[in-house]
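Each of the next two complexes has chain A plus one more chain, namely chain B in the first and chain C in the second.
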Partner chain A sequence: MTTTAAVPTPQPTGRPLWRRLIGFNLLTAVALGVGGYYLGWFIGHQISAKSLAYQEKTSENDVALLVAYLFGVVGFLIGLGFANYPVSRLLGRPASLREKEEEGIGRYFGLCTDHKVVGMQYLIGIGLFFFIGGVNAMLIRTELLHSTPTFVGPGQYISLVGMHGTMMMGMMTSGILGPFANYFVPIMLGARRMAFPRIEALTFWLLMAAGFILTSTIFFGGFPTGWTGYEPLNDQAVMGMDSYIIFFALVGISMCLLGLNMMATIITMRAPGLTWSRLPIFVWSVLATAVLMVLAAPVLVATLTMAALDRTIDTSFFIPGGGGSSYLFENLFWFFGHPEVYILALPGFGIVLELLPVFTRKPLWGYRLAVSGMLGVTLLSFFVWQHHLFVSGINADLRPFYMLSTEIISIPTGFIFLCAMGTLWKARSSFSVPMLFCLAWVFNFLIGGLSGVFVSDTPSDTSTHGSFFTMAHFHYTIMGGLIFTFFAAIYYWVPKMTGLRFNERLAKLHFWLMFIAFNSTFLPLFAIGMMGQPRRVSQYAPNLHALNTWVSISAFVLGLSMLIFIANTVYSMIFVRLPVAMNPWRSKSIEWQIPTPVPVYNFEQVPVFDSDPYDYGTPIHVGGTRPEPAGA
Partner chain B sequence: MSLFAKKLLAVSAAVLAIGALIALYVADWATSFPKEVAAAPAPANSGGASLTLETVAAVGGKYSPTHPSWVSYLVRTNNRWERTTDFTVPANSVVHVTIYQFDTPTGLRNPFLSQVQGTVGSATLDGKPFTTIPPEEASHTFAVPELGVFVPLAGVPEESKHPCEEAPCEPSTMDHRTITFTFRTGKKGRYRWQCFVPCGAGWYFGNGGPMQTLGYMDGFIDVV
Partner chain C sequence: MASPSEGLPLGRTVPPVPAGVEIPPEPPDVGARALSVASRLLAGATTFFFLAFIFAYFYLRSINVEHLWRHGHIDPNQALGGAMIGCVVLSAILAIVSGRQMKAGSRSWPAPAAGAVVLGLAAVALQCIEYTRQHFGPTDGAYASVFCAWTALYLIAVLGTMYWLETQVATELRARREPAPTSGDIGRADELIAPALDATVFYWAFLAAIGVVTYVVLYLL
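Moving on to the complex of A and B:
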């Protein structure tokens, strides 16, 4: 990579102090959000007449709650300042990126169009909801210490399971694209910003509003459906179900916008010389994920809109009694839901393949094969969804097709595995913490993939469907695949984002505890599932008590490992604050060649690329130093 | 410690305090079970324990401020009705159950459940022994599947003159059906019981609301 003069750097201008103090920020957003909520609640009660038999008999008012949530979200966004730009344009004022000009910590608590600020916001915001989802998991495992409902009630248990699953699947959809793609993709492309900076900020704040709404479900009785929201349970459920519907609809909108923004940025904003074959593999994975998001998420939003109409104004899209079909919901949900699995997995693939060359000091083996694998997964992921319905009324003649298509998707996934193995082959690796997490991904995803064969085959799926076996399988792929790579990315890139290094000893303790506890938690669940314990039910056969106790204790150790990570973050980022070297990993990727902290407009001069970032074996020309210890 | 670190610590402390309050609320919500009510000792000549229950079409604001219109079971304890569905009974014993049924018929989906099963001796309906009722006349059931106990509860006719609209319903003044039966508890454990009639009025298929929420149409029998 070389740099040449191209576009002059725009000079930010400051805003008056009074505007920063009383301007649009998180405080205003919360105030307008609460105001909007109560306004919507009032209006909802006016427009939903008591003549609706459902509301008269059940003391529930879904119309009021849905309108309240929508008005609350609109108020929240207006409070953040999202209406300012369109209004000022309506008034004929010139276009600007004024939200980008703010400096200081205040910019993290409001609308900011700097992609690096949005990346940091995502990291903290998603981390918060990841923590809440994790606490739910701890409560679930506490309940499962007993074979009968003892700690939490059955209704609360299924709500906790639903909140855990929905929170993790919804929020962690943007777990890597949100923080790391927003922060690093423009830099990796040699761009100064995202294609649509305000939309980028909008995706984050929509997600935060969604997370809060989902958490609020406990005020309305929770929801009994798990993360899938299946009909007819969905329609029968109390008002807490509305929280689920609005949550996932907002997540879907956020995903769709995030995907569009990423696609537009990657396709149109690459610097000179950055051809498709020089694109970092992480960017390819982001592009593939973005395509999935754009195509899958609208289906989810539409489906949930139909479910909301069924619940409020007595349409019957999914109500068999009114001519609808609950099976239709299941189909539409999984048309989104299975690509969603790859939306979670693909960025993880990208991170592993991006990091392995750095720590093996070898070029990425099979770059084109890896890209074709990612694109293959993207394409095929839309042709497998009915394997979730093998025992739910699928036309028997369709089973072989979906069984085959599901097994075929293991081929492009295998490409990615093969590229990882090829890169590791005969490498003189350094086992830094990010590398350890990548290697853990190899182990975990292998088990997840092999167990996937059993749930993709109709005969074996008949006995494993809906059991803890399936639950163990998808935790191996999603937690073992996504969350481990999420932490790899944190240990690898957060030093760049903050300019500070993690404590290495605590980081390694976090890794080993997490890796061992993760396997100790989820490996026995395969056996528990095979022995017949169903998902989402707090009561189980007494002969499974010992295994469940083992799993629960392992899960608590897994939770402890997360606390060690939090302690390390607080200790390293707040108390010790040791600065990190400019390029501690000796990476050849462009983000490590620019100053830390990264300037507002990223580059003084737009770079020109003349090679890919994986040509290890030739000396690097900027900022190269000796490798630093793991976790530094 | 730098000024930045102090500020961050202050903010973190505030966030932690709010988080702790939220956690307390969640813990309270998650761990809320219906109050446990111990079965009363049965009359000396019959042995075991006795439970007196009633089923009402609407539980009323006094017993459920958030869901006054929900159908529910109530239990008689200390000479008053309480809304709870968690009962404690002795192990290896018999439990004599009396249910005052004030609701109108809804009908069973599964006619098989209209038969009396798993009781000790005969069940009675308004003082007469019975073994089954027409499925369409069932208003509710009292069923403990793990103990094999299924008892259908016949509904009060729609045209009754003194229906009880809302709990508490007094057997002395309002139209009702009286069902009695006895079952054996067996070994210690926690057993789920529930109504099998889809009686959640207003929800499609009748399985929402009170049928999904502990404390209305289902609960636990703790055999101790």
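Moving on to the complex of A and C:
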């Protein structure tokens, strides 16, 4: 790599402590968020005063809660400083970033336009909500230790299921793009920042506000619809449903902006020489995901807006009594919902294909095939949504088309699989922890994909729809596909992000426990589903008790594996703090060629690329002097 | 890449760079291209947002549940609706003229741009007036629901775009008042106005086209 375009050496700056405490930061944001919430609550009550009798009778006021949430979010963002820039632009001040970035740990608790800080914020923030979603899963499995409602009632059970599903499906949409794409895509492109750094920060803080709002649903009775929010149950539900609506709408806005920013960055900010055919495969997967985010998320936001209007001002989009139709919700929701599955899966594909060459010391097999597979999945994912409605009374003539389009999507997905297999073929692999997680993806996603054929096929879907079979299928694709690659990325890239390394022994223990417990949990669910146990119901036939007990115990072991991961993180990152080698995986990708931790400005000089990052095959010489960092 | 990782001293950490330093500026052409791409992507996102309403319109109209799609008395005010869309179209034309003047190097481009902002805001005002005059509300069946929600969200989009256009005019006027601006880290103001205006004009023209579709579907069909 050669270099061009030298830039001036940046100088450290600082702000007085009092200024940092009372300025625009998380403290101010929480204060204004709470204030905004109560102001909105008051205004909402004034707006809806004419239906006061109804409110007093039912203790329900959807208008007040929705307005309170909106005001709360706006106050929160103002407190973080997001309103300063738009107001300054309104007055004609020129476009600029923040004058100076915050120093030290304080920058992680406020609006920061450094993509690396945002990446770290995402990692911690999403990890927190992933933990809450996981605790919900443990509670669900605790209830299913008994064949009749015991631990929680049926209403609380469905709320737990809804919280778990919504938290996981909503927050984890940015599970890989949030931390890892924000952190590494600009570096992989040879850029110093994202195209729109302020929007990048906004996507994170919107997501955090959304997560908090969803968690607050427990104070308003929860919601009974699961993560899909189906009508007419949506319209009939208590105020906890409003939390769901605002949560997913904020997630949709965050997703759309994140995708837009990623696409603009990848298209316009590539360093000289970084042609499309030299782009790291992870960046291609981010690009494909971003397309889905930009185009599918707006439909979700529009749908939830309609649902919110139905609940507040009595429009009738989804209310048959007023001329609406609940099938309209199903269609609109799944137009977003199925691409959403690929929003979760595609970054996982990218991680696996990015990491396999590193640990097999071989070039990526079928680079162009992998790219075409990702783009094929992106395109086709918009033409399959009605397979979710096979048993909901759709026109029978439509079923063959959607069955075929769904099954055709396995072809581009197969391309990805083929490229992974081709890269592994005759490789002398090293089985480091990230590699183990990638190999687990191969196993899990194969089962997820094969079981997908049964739910995409109309006749078999008729018997498996709404059962634990479907639940097992999507856990194999989403958890087996996304969460395993999420951990692969954590073990692979977090050492770069922090400069510290994980304890290898604990990491391997985490992997093996997680892999075995995951399969022990979800494989039996295929059988349980085929034997007729429905989703979202806490009561089941007594003859399924033994299998359910097995699954619950396995799920607890799966939870234990997560605790081992947390313990390893705390132990390695806080107590032991062993520094990581500059390039522990001996990767040829650019992020491993620059100093650790990555400097604020990424590169002293803009790098020039003259090849792709997968030219492995030459032996690595260990020892000797450290070469100049990329761009030096 | 030409600089592989051979010869790395495994087990060493490069000292961290002091925190709190400024990120060096991007070349102005990068910001310009990013804005241009972003405006196209935003147009795509906006299209899919309003497609949901178009889908709702035709879906509910075609199934016409219990003949509740549209009662006889539900008829939006054609004059106000026509005036509103007229303002939108005129505003978009003025914005395009302004963009062309900017590209041609004329200093008079803020005048048509300001006119475009005024007309855009007039369109919002006309739609609000229509809400107060129409003989139906959002609870009067499926068509009324689609009409009220779609037009209200369109107005929000128009307001946002007018804000965006206003920032270009305000930046230019301030730059004229206070020459040699030191915008700092993402390019000089005068270098960024042209691509920002170009992006705004593109998006506004696109949104106006969506407005025309809105008018045809909600008022004429």
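Going forward, the second predicted complex is superposed on the first by the 588 of 632 C-alpha atoms of A that agree within 3 Å, B and C clash if a C-alpha of one lies under 4 Å from a C-alpha of the other, contacts with A are read in each partner's own complex, and residues count from 1 in each chain.
The criterion applied here is as follows: contacts are C-beta pairs under 8 Å (C-beta built on N, C-alpha and C of every residue); 3 or more make two chains touch, one makes a residue touch a chain.
Keep in mind that what you see is a predicted model, and the values were worked out from it rather than measured.
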item	value
Partner chain(s) touched by A:587 [first = chain B, second = chain C, both, neither]	second
Which superposed partner A:459 touches (first chain B, second chain C, both, neither)	neither
Partner chain in contact with A:613 - chain B first, chain C second, else both or neither	second
Partner with the higher number of touched chain A residues, chain C or chain B	C
First, second, both or neither for A:272, with chain B first and chain C second	neither
Contacts of A:93 with chain B and chain C, given as first, second, both or neither	second
First, second, both or neither for A:325, with chain B first and chain C second	second
First, second, both or neither for A:154, with chain B first and chain C second	first
Common interface residues of chain A - those touching chain B in one complex and chain C in the other	321
Residue ranges of chain B in contact with chain A within the complex	1-2, 5, 7-9, 12, 23, 25-26, 29-33, 66-70, 189-190, 192, 200-205, 207-209, 212-214, 220
Touching residues (chain side chain A, partner chain C) in the complex	1-2, 7-8, 10-14, 86, 89-97, 99-104, 107, 113-114, 192-193, 195-196, 256, 260, 263-265, 267-269, 294-299, 301-303, 305-306, 309-310, 313-317, 320-325, 328, 331-332, 335, 499, 579-584, 586-588, 590, 592-593, 595-597, 599-601, 609-613, 615, 618, 620-630
Complex contacts: residues of chain C adjacent to chain A	1-26, 30-31, 33-34, 37-38, 41-42, 44-46, 48-53, 55-56, 59-60, 63-66, 68-69, 138-139, 141-146, 148-149, 153, 163, 166-167, 169-175, 181, 183-189, 192, 196
Residues of chain A that touch chain B when the two form their complex	53-60, 105, 135, 139, 148-156, 160, 218, 221, 224, 232, 235-238, 319, 321, 539, 570, 574-575, 577
